[in-house]
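Okay, got some structures for you below.
Both of the next two complexes hold chain A, though its partner changes from chain B to chain C.
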Partner chain A sequence: MASNKIMVQFLNRPFGTIHYVEGLRASLGIASGWDEHEVYLLFMGEGVYYALKGVNRTDSLKYIHTLEKLGFGLNVERESLQELGIDESDISEEFNIVSRAEVFELMKEQDFTVDF
Partner chain B sequence: MGILGIMLTDGPWQTERWETVTKIAESALDKGHEVRLFLFLDGVYNPIKHQNFPDFTEQPVDSFKRLTEKGATIVTCGICTNARGLQDGKEYVDNIKSAGLPDYSEFLGDATSVVTF
Partner chain C sequence: MLYLIDIHHRKIGFEYAKMDPEAKVVLIQDGVFTTAAELPDVPEVFAVKEDVERRAIAKRLGDKVKLIDYDELVDLLMSNKVINFA
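Here is the complex of A and B:
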């Protein structure tokens, strides 16, 4: 076994699917297992709707808080916001906005990426 | 030889992801690689026994069964399994383990490569 860098990408809308909550639960499992993998949580594509202000995150809040305590924050891709016509001022302050170029560099550092 | 990890989040009756996964897995096994599958979300429906769609000559579950016979390790997310009333996978074909998130972490720790479907 090895400690890996794993990017978890959230690509699905937070409505109509439950991928977001399962992805966050999986992320917690990844981060808190024996291997203590390092996770990078990235919302991109239609997954960025989860980052909007006012979204009901009740079902996944416990995972977010625990991941934050472990040092893993939430990130959302800027270009995905632009492609969907979402203004950055509409993004909840818990999310760090990163550019696609930064995402590309981060992806090169990862051992794996998994998507939900 | 490497360890190929495959995560599948889709069931057998809406899309053909299961077919892509099982064909990739079988090819990897035939070339001598180790294959580990982690079934998440609706992916946990794939290994249930007694599934039957009359138009198919081979049922999706048969492909998963063949993978275990060829040595693949197949694990399902226990919470996903029980959320769907599958009772820890008691209706699964043989050699499918219903497990927890520590197993998912191990799955990602052991693999040489990981692909998700």
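Here is the complex of A and C:
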């Protein structure tokens, strides 16, 4: 099986569900397999709450750090921030802010998208 | 591309579908509670017939939505790039 481009979308609020931890765990599984798939991690909709400065990410830091070592960073959608009234200055520095138009272009390049 | 839409993430899913001139939208599970007024102006909108009939809400969706069964859904999923908002 050849390497694929896979976008993992985090659409749900970060607490009270297992979505984001499971999504990050799955992302690591996707990225670290034999085929070395490319994974693009995107927080959008209410998933952007995960990107706020000061959010407790203790239970998922090991996944984030390993993904970063593999070259896969964290991205957050600008329009979702605007729709929720979140200022970009309130977003943690390890997140790259991308526009909806940029995400749409990336979506076209993906082999698969998965949402959590 | 095909946008698979459930109710919770329909707004952002529709925003992406509106950017795609060849968008196909499929309403699934509680996504079929979407009203006709909420639907984006895209070439094709489908809804899973079983999900609509169980909820008895066919009238809400309006005439633009084509009802499909699970076999047709699988055909659509296999023949299109799927962007998942379900």
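FYI, the second predicted complex is superposed on the first by the 116 of 116 C-alpha atoms of A that agree within 3 Å, B and C clash if a C-alpha of one lies under 4 Å from a C-alpha of the other, contacts with A are read in each partner's own complex, and residues count from 1 in each chain.
Here is the rule we use: contacts are C-beta pairs under 8 Å (C-beta built on N, C-alpha and C of every residue); 3 or more make two chains touch, one makes a residue touch a chain.
Not measured: the values here are computed from a predicted model.
Novice: With the two complexes superposed on chain A, say which partner A:115 touches: chain B (first), chain C (second), both, or neither.
Specialist: A:115 contacts both chain B and chain C.
Novice: Any idea whether chain B or chain C touches more of chain A?
Specialist: B
Novice: Tell me the contact category for A:22 with respect to chain B and chain C: first, second, both or neither.
Specialist: It touches chain B, and chain C stays clear.
Novice: Looking at A:6, would you say it contacts chain B, chain C, both, or neither? Reply first, second, both or neither.
Specialist: first
Novice: Do any residues of chain A touch both chain B and chain C, and if so, which are they?
Specialist: 112-115
Novice: State the interface residues of chain A toward chain C in the complex, per the touch definition above.
Specialist: Chain A reaches chain C through residues 9, 11-12, 44-45, 79-80, 100-101, 103-104, 107-108, 110, 112-115.
Novice: Can you name the residues of chain A that touch chain B in the complex?
Specialist: Listed in rising order, the residues of chain A that touch chain B are 1-4, 6, 18-19, 22, 25-26, 28-30, 32-35, 37, 112-116.
Novice: For chain B, which residues are in contact with chain A within the complex?
Specialist: Going through chain B, the ones touching chain A are 5, 7, 9, 40-41, 79-80, 100-102, 104-106, 108-111, 113-114, 116.
Novice: Would you tell me which residues of chain C are touching chain A in their complex?
Specialist: 1, 8-9, 11-12, 15-16, 19-20, 81-86
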